[in-house]
Amino acid sequence: MNKSVSSGSSREAMTSADVRRAIVRIAHEIVERNHGVDGLAIVGLQRGGTWIAEEISAQINHIEKEVKVPVGALDVSLHRDDIGMRPVSLGAISNIPFDLSGATVVLVDDVLYTGRTVRAAMEGLNNYGRPRAVQLAVLVDRGHRELPIRPDFVGKNLPTHRADEVSATRDGVYVTPNPEGKS
Amino acid sequence: MSKSIVIKGGTVINRNSQEIVDVKIEHDCVAEIGKNLKGDIQLDASGCIVSSGFVDLHAHLREPGKEEAETIETGSRAGALGGYTALVAMPNTDPPQDSVAVIDFVREQGKRAGLVDVVPSGCITLGRHGESLAPMAELANAGVTLFTDDGNGVQDAALMRRALEYAKGLGITLAQHCEVAELTKGAVMNECSCCTDLGLPGWPAIAEELMVFRDIELVRITGAAMHFLHLSTMRSVDLVRAAKLDGLPITAEVTPHHLSLTQELLASYNPVFKVNPPLRSIEDVRALKAGLLDGTIDAIATDHAPHPRRDKEMSLDMAPPGMLGLETALGVVLAEGGCEIRNVVAMMSWNPAKIARIDAEHGRDVVAGVKANLCVFDPELTWSVDPERLASKSINTPYVGRTLRGRVRHTIFRGTATVIDGQAQK
Amino acid sequence: MKHLRSIDELGLDGLTGLLQLTDHMAEINQRPVPKVPALRGRTVASLFFEDSTRTRLSFETAAKRLSADTMTFNVSTSSVNKGESLRDTVATITDMGVDAFVVRHKSVGIPWQISQWTTASIINAGDGAHQHPTQALVDCYTIREATHAQNFSGMKIAIVGDIKHSRVARSNIQAFTLLGASVVLVAPPTLLPPDVSHWPVGISHKLDEIIDKVDVLYMLRLQSERMAQGHVPTLREYSEQYGLTQKRVMALKSDAIVMHPGPMNRGVEMQIDPSDVKNSLIHRQVANGVSVRMAVLFELLGSGSSLGGQA
């Protein structure tokens, strides 16, 4: 269990062990809330949420044995509400190789911030079908919501300043205050 | 009672002399050449060249028929600002200049404008259709000395032969726009690698050269005089050079744009660069310049071709060919360099006056007694072209934003100053 | 990137960028609801001076899938076609609030000329015999899809037919060579442009000599007018020498691809039905048209790459 310190004045908000435990707990909570895994589907948001979605699905498989919950990846770049206002770079391509209609879709992302990405994701999901319900699992909730979006499953609540940058990987969660003097 | 004019302190260039003197003009003639001359109007010519006024062998004045683009008056004014005192008006008007009535009309309009001598040329064939001869004797009796179907070449070799034979008896000169029409159908620019990239039909050099060759041989067997309009290719120059060495009565002109612009400009998709014959390669430009220096080419002629703004805003293939030239000719020729001032004067005044057979009153040495058709120009002054400020009614000049060298300061036409300090006087 | 007017203006980076973006669009087109709000509020106007239902519909579908609004101007062959009021037409439409024009015209250079009269983005859907960049993008994407090759080095592509009058050929020659392919043009000398010595291509006048060596066989349409204009003695002779016959199909390498930009002149350059040609990707060319055009529209209007931008 190595504590890796990232550049400059970053502080470590979660260690890699914390991350791993949070994901295990979220997986349990998802199964508990939904009374099992019937009709469940996990969709990770490109790019930050896909690795977490894979881990959650693996955990659920471990918990519920013999069950493979379908996992997909969704790129929301083309559904964002700020298109044309700043350069958009497209992440990896969406891949949802199953039918979502009637499913309980758990959207998974690494960091929940303004809520706009999740809004875009809910709109994007509509292209694939009409889910029965949509739930939201995030590793970190850093506050500063601009839309009425709330997570159902949270790894850690992390108060931050707007100017902070938050990164989340298997190695841990790091907060870099005001990295380039941005306001 | 007309006022006397003294042109002070300019360098007077004549065929055998060059000196800084004053030139005094009274009524419509040069009265005196000397120092410290006095007159009613003093025109400062310090730093300038004083020569006989320029003569353009090739100007499209568009009247009658296309007055939207230019009139004889606006074209004359453009000519005067360019240092011209005589313009040969091309006959592709509507109706064309193939009858005495139209010839007289054009001449009268020129006189009414009173800015230059407008010398109407006649058509070789009726209507310029290339089918039967125009009444050349009748037109010659009305004073026409130069005949051409310009805009087109005479395609039929037999007809051209007869035209030359007929012309010989009349003491007139035929001028040819060399273009074999079947080879240039739909052509927009020179046939070259650039037109390959653009997917545009090309105007191959041989379309000009074939007719140059044909007409040289027709001159050889008929003995009639022939003037080649707007030569544009290396091989055309070579053909004319050889013909002159054989002593044939052939003269040739080149335009300022063919001396300064090349085919690559068409890649801008700007129809202002579309012209017939088209802009060619840098090798052709060099060959034309060499032809000027060694006397193969006798004259610089503008092929001034005004078109209304709307016409040059069309697609490249639909836009009519042609560029303005009268006001920029001197500036372009001097900017290109490589030519002595004396040669420039010979190309723009002495030689063309002779070819047009108006050398009684134009292209003379500046000496006492000659008709006062003079040009005073500053050969060093640099200026850039603003199309909206040209006197021509149209704005299709390819030299927008370019820096030219050499500008006319004063022009005297029949003893009257038509241009003073670069401003037209009427 | 403000305009898409020609492949050489696009450049290699622009070209590969658009091909990658097309993958995203292709995925969208697989969705049960193939629509994203990316260009909501933008207006795309079709200015087709030459008729082409297929290309025009392909662009309009692309615009709609990105939620853009569309306008179509069916320009008759009368005054506007003569270019008389082209400037006015363009300026008027721009004033109505158009963000992009898709233009097809029989005259070379129109997309560049139009750019002087409007601030909208211009997409060239074909200007005379000059360029048809979206077709080249479709063709490159189709080859890439079939071969999974990101670049085309080592690939031998033959373009067969009326190169002289073909905007598809000019755009494709640039695109294929930018991607590293080795291109050979196969045509009688009368259907080649006057001077191709500066083009990075090989030339052959005999299709049978190269057909078993190519990885991609790209057939161009021969218009029947070419016979009347004296470019070929008869269409039959052209077809015998340069057409895709059953015999030639058999001579192709087993993994060689056959392509055609459409529409086909059956019995002239295609003597055999393409659906009988195992390696034909003509249907993929058609299918990929919408995805490619979505990528182009998004890149010009939505990607933000033209922000603060010059053309």
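Chains: A, B and C, in written order; residue numbering restarts at 1 for each.
The rule is simple: a contact is a pair of C-beta atoms (placed from the backbone, for glycine too) under 8 Å apart; a residue touches a chain by one contact, two chains touch by 3 or more.
Predicted model, so just to flag it, every value in this text is computed and none were measured.
Undergrad: If you average the CA coordinates per chain, which chain's centre is most distant from that of chain C?
TA: Taking each chain's C-alpha mean as its centre, the farthest from chain C is B.
Undergrad: Give me the ID of the chain with the smallest distance between its Cα centroid and the all-protein Cα centroid.
TA: Taking the mean of all protein C-alpha atoms as reference, the closest chain is C.
Undergrad: Find the geometric centre of each of chain A and chain C from their Cα atoms only, then give the gap between the two centres in Å, rounded to an integer.
TA: 41
Undergrad: CA centre of chain A versus CA centre of chain B: separation in Å?
TA: 78
Undergrad: Provide the C-alpha centroid distance between chain B and chain C, rounded to the nearest whole angstrom.
TA: So the centroids are 46 Å from each other.
Undergrad: Name, in rising order, each residue of chain C that touches chain A in their complex.
TA: So the residues of chain C in touch with chain A come to 21, 23-24, 27-28, 31-40, 42, 66, 298, 301-305, 307.
Undergrad: Inside the complex, what are the residues of chain A that reach chain C?
TA: Going through chain A, the ones touching chain C are 75, 77-79, 83-88, 90, 93-95, 123-124, 126-129.
Undergrad: Show me the residue ranges of chain B that touch chain C in the complex, using the header's touch definition.
TA: Going by the criterion above, the answer is residues 188, 191-193, 195-200, 202, 204, 268-270, 310, 313-319.
Undergrad: Can you list the residues on chain C that touch chain B in the complex?
TA: Its residues touching chain B are 82-84, 86-87, 105, 107-110, 112-113, 128-131, 165-167, 170, 193-199.
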